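Consider the two complexes below, in which chain A is the common component and chain B and chain C are the respective partners.
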Partner chain A sequence: MKRYFRELSVVAALGAVLLGLAIFAPAFFQPQPLLSLVTREAPTLVVACGMALVIICRQIDISVGSMFSVCSVCAGLLAARGWPLALVLPAAAALGAILGAVNGILVAGLRLPSIVVTLATMVTLRQGLNLVRQGEFVNLPDSVQWFGLSQSAGQWALVVAALALLIALGVAMRHLAIGRFVYAVGTDAEAARLAGIRPQLVTFLVFVFIGVLTGLAAMMNIAQSPQVQPLSGMGLELKVIAAVVVGGVAISGGRGNLWGAFAGLLLLACVAPALTHLHIEAYWEKAIQGAIILLAVVADGVRSRKGGGNT
Partner chain B sequence: MKSLLLRLCFAAALLLASVSGASAADSKLVVAFLPKSKGNAYFLSCKAGADKAAKELGVELLFDGPTDSNAAKQNEIVENWITLGVDVIAVAAENREGISTALRKAQKQGIKVLTYDADAMPDARSFFVNQATPEGIGYALMDEAARLLNSEGEFAVITASLTAANQREWQKHIEARLKDKYPKMKLVAVRPCDDLKDKAQSEATALMSANPNLKLILAICSPGVPGAAEAVKQAGKTGKVKVIGLGLPNENKRYVHEGVTDSVILWNTGDLGYLTIYAGIALAKGELKPGAKSFKAGALGTFAIAGDNILLGKPFIFNKGNIDQFDF
Partner chain C sequence: MSPAPLLQLRRLVKNYGGVRALRGVDFDLHAGEVHALLGENGAGKSTLIKVVTGAHAPNEGTITIAGEPVSGLTPTSARALGIACIYQQPALFPDLTVAENIGLRLETASATRRVDWKARRERAATLLARIGAAISPDAEVRALSMPEQQLVEIACALGAGARIVIMDEPTASLTQKEQHLLFAVVRELSKSGVGVIYISHRLEEIFDLADRVTVLRDGESVGTHPVGAMNEASLIRLMVGREVAQIYPPSESAAGEVVLALRAVGCAASGVRDVTLEVRAGEILGLAGLVGAGRTELARVLFGLTPADAGDIMLNGRSIALRSPQDAVAHGIAYVPEDRRRHGVVLEMPIAHNMTMAIHRRLFIGAWLRFGAERSLALEFIRDLAVKCAGPDAPGGSLSGGNQQKVSLARWLATKPKLLILDEPTQGVDVGAKSEIHKIVRRLAKEGLGVILISSDLPEVIGMSDRIGVMGGGTLRAILPAKSDPHAVMAAALGTTEKGAA
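Presenting the complex of A and B:
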């Protein structure tokens, strides 16, 4: 219980917000709009899972937003050319993997700081995309929306897929060797190396993995509307990093889990629709989200001072 | 047939030469037209109108711009045009102050300079061809919303951000118009979408569930219009919640045809290019001088001038009937 205090406190905060909404704005819980809102967050959850791994590994990837845009546009263009979805989906994942591998090689291979590397790829990919697309939307064939399913079946499919991925990864991080390696590298790379783990390989794989997840998330997003805006995914990096940090993953690596990141994402994602439902001015949105992040960071800081470490 | 065409062309050329006088007889006037970015469909549609005007006036049109919106590259292109010795430069400024030094230099060399779409510093150009005043846009949006709702009912606004200057300006005029003319309409919420279509879709979804009596969503940033439309469609509220906004025809065609979006409001970009070229040439010929109160531009007729702004006039409303005629 005490071990998961940090995660549980986020869940408690989320519970309080939902309880407040249930009392003051029960319309928030109408099933159909709520399903739509949750579906809109499914791609973000997938990227947040990847970001949790990267941060646990004591790295960061701020290029996910740009990767997301590039994968969305490329997948959209392939679909528009008549590629079947069964090919577009792996193509988007593969493109994500390649982009992630570039980050991974620079960070793990050349030992460059990940914040600088991914800042560079973030800007390069974003500007490259602007250059090619000039902001023009990609029109998708009808078969892409909801993967050809009905709207509600498509929405459920996306939500279930995102949750299944979360559960699989959450379990893998705890029980599989590779999952423990990520924690080990993030806690102390040198100790991990002495224990026979190859820290650079683990780091590389983590970057490839977040690339794959970003590619898949891009597909999950373009399935939700008939047009792709090349700007889509702008600011995604902040959203997922915030979710992960609020969820109790230590930015200094080695600590935290995906369940916390999930709760953090839900808590932050609640803010905007909650304000709409409570008829509170939108000016508060970013302020409240900022306050939540600040509170989380302060809580972590106080705790690590008390505990004398960040484990 | 071919020879007849040739003769006609020759006759037309002679006629133009005589009209434009002795100085133009040795060489055509050259007008250089600079977009913010040259592959952008918006500016290509401006260029279509500019081409038409150049053809009518018998002048040469140079069209060049950065491949992406790049202020430094704009300066480079203007410098090249100065070296080339063009007669007129028309610029959509990416960076208001950044471009002005180069434009002042052009003016010193006797080149007539005007801006369109996005202005430079006032002393760096003779006129700004103003496609829409904030008041014109705000009023047109509010009037269109009122027309669709018979001046009655709740509506919500989706903006790009609560702090962007142009958005705030439009918002202010929408609210002023609402207060003056439509007492039975109520603005229930203003939500930002960060210029993201995806976020606009989520915002619109929440707006509809939070406001069961919502009759219309008005998006004042271009990605907001298709974003809101998709949300309305997915909520199964097509027709019950109307969508209008400031946007681009191509991004909204599908929803306009499906009946989700009623009207998309912008200006006629072809007319903007056309008017800009006419004004530029009139400047070069000395027919348009600072202080003028109005200006006649070929087939489009007369435009008002407020100070040093040539006004394109009322915004243009794209709807089911006309939207397919536009490709940008």
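Presenting the complex of A and C:
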């Protein structure tokens, strides 16, 4: 209970927001708009899972937005050429893995700081994409949208897929050795090394993994519209980092879990529709999200000072 | 000598928690004198320096500088009083030039002040010339060798008007030639009236350089003597001269097969060279030596952290390569590192996770963690090693030092090793836990483990070991039998005899 206080407090905040909405704006809970909202956030959730792992490992990846755009456009082009979905999907994941591996080699292999490495790859990928595509949209064949299903079936498929991934990863972090390694490396890489774990390998794999997840998320995104926008990933990195931090993953590594990140994401995602339903001007959205992030960071700061970092 | 000593310490006491690091030390330093400070590891030399430089406040006693009693010494006020300390590792800014480094130390800081580059360069040049150092003020510190950096530090000290210069093992990483250069500077300093406190483990340097020598033992001064009146044997007797008061569990095991055999093992990167030794099953091989003798470095070679680049390592008669900790673990070598607070136990992680950190391959059958197995394993070790804790879920940081050490030990016992390397297992551990750890180690040896015990605690290493390897300068200087005379161990560690009686 005490151990998961941070996560539970986010869940409580989320519950309070939902309760408030239930009382003052019950229209929020109409099934169809709610499903649309959740579907829109499904790709973000998948990337946020990867980001949680990266941050637990005491790294950061701010290139996810650009990777997302590149994967979206490439997957769109392949689909437009008539590749079947069954091939486009693994291709997008593989492309993400390759991009993630580049980050991983630079960070783990050359031991460069991840913030600088991923800043560089973020700018390079984004500008490279602009250069090649000149901002052109990709028109998708009908078979891609909602994976060829009806809209509501497609939405459900996306939401279920994202949740299944979350649950699988959440369980894996707890039950697989590699999950424990990620925590160990993020807490104290030298201690992990002295215990026979390979910190550099773990770090590399984590970067590859967030690449794969970003590739999958890109697929989940392009399935929602008839066109691929080349800038679809803009700002994604900030969104997922915010969700993860709000969800109680310590930016200093080693602490937090995917469930918290999930709650954090939902909390931030609720802000915009809640404002609409409460008839508050939309300008407040960013300010409120910013305040939530600040509150979370301050809470962590106070906590770690009190606990002396030991608890 | 002059009437008022430059520095006078009277009845100086310093406690760290329950540990009495200094128990009433008297010490005098005269102007123009080189005064050597000698003692085993943990005898109180570092604490004495910390008190004199104002880093730590003494609990009792007086400090008098040039006849003036001072109290409430801080690093800043110590510097203002003319006390400077030259550390083994110079604390300079590597990316700035020599002149900039000296300027940063000596110029009064005001953020908006215009820098007078010319004056800064000239001052640096003058100071460097005064100590006869041929270093350009425009050189980047990064490009300087270690002794050159030390000379820059000395120049800073002089520029700050230092009257008392403390040198803490300044020659530890110097070549012979560089040493001579440094000695010349030290003599020059003392000739100009500066008092030098010179700390070194190398007796020949003390005979070469010092006027007087004070020996510390267990936080007490056991005497100050003119160097001319001493010889190596008498100094060693002063350093060691203590009864082995503690009772150590007796050796009960007969040494079995050779577990580990090293032949001429070396590692250029960490300074280990030409180590040949054997460890048998059921045997505790102690490794004694002074700080920097190469014991931890050897352990790191054996654990694959800094792989050997020379010689043969044989485990159970088979030649093996140890290129990484994974190799070492796979071969059944376990290493409980020194400094457990930093890297032995992960303080934020639960005890159970800490204990199973090295055995995931075995615990995670099919990569799937069985929490039940982890928990019961943790409970077993907690009971077996008598770890005092709230339970397997309590974080490592909630334990006392001795219990953390047991957790660190449990992590490696869980791997069922053939060879266990313990690096300072009882450092910073209270007396009760210490004797418990001794009993555990003895029991492990009895169960057939080969144990290498690295310890700077001379009574411990003599009391616990079946054989005592003495290291110095990165190599094995001697192998002495169990219950050897402490003087013989110390003499071998200091390198005053070629080989001890084997």
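Quick note on the criterion: the second predicted complex is superposed on the first by the 309 of 311 C-alpha atoms of A that agree within 3 Å, B and C clash if a C-alpha of one lies under 4 Å from a C-alpha of the other, contacts with A are read in each partner's own complex, and residues count from 1 in each chain.
Note that in this section a contact is a pair of C-beta atoms (placed from the backbone, for glycine too) under 8 Å apart; a residue touches a chain by one contact, two chains touch by 3 or more.
Nothing here was measured: the structure is a model prediction, and the numbers come from that model.
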If chain A is used to align the two complexes, do chain B and chain C fit next to each other or clash?
fit
Classify the contacts of A:195 with the two partner chains as first (chain B alone), second (chain C alone), both, or neither.
second
What is the contact status of A:127 with respect to chain B (first) and chain C (second): first, second, both, or neither?
first
Please work out whether A:30 is in contact with chain B alone, chain C alone, both, or neither, and reply first, second, both or neither.
first
Taking the superposition as given, does A:86 touch the first partner, chain B, the second, chain C, both, or neither?
neither
By the touch definition at the top of the document, which applies to A:221: first (chain B), second (chain C), both, or neither?
first
With both complexes superposed on chain A, which partner does A:184 reach: first (chain B), second (chain C), both or neither?
second
Which touches a greater number of chain A residues, chain B or chain C?
B
After the superposition on A, what does A:231 contact: first (chain B), second (chain C), both or neither?
first
Minimum C-alpha separation between chain B and chain C after superposing on chain A, in Å
34
Residues of chain A that sit at the chain B interface in one complex and at the chain C interface in the other, please.
none
For the chain B and chain A complex, residues of the former touching the latter:
37, 39-41, 67-69, 162, 188-192, 194-198, 201-203, 205-210, 212, 223, 226-227, 230-231, 234-236, 250-251, 254
Under the touch definition given earlier, write down the residues of chain C that touch chain A in their complex.
303, 305, 324-326, 328-329, 335, 337, 342-349, 353, 357-358, 360-361, 363-364, 367-369, 395, 397-398, 411
Residues of chain A touching chain B in their complex?
25, 27-28, 30, 32-34, 36-37, 40, 127, 130-131, 134-137, 139, 151, 221, 224-227, 229, 231-232, 234-235, 272-273, 276-277, 279, 281-283, 285
State the interface residues of chain A toward chain C in the complex, per the touch definition above.
174-178, 180-181, 183-184, 187-188, 190-198, 254-255, 308-311
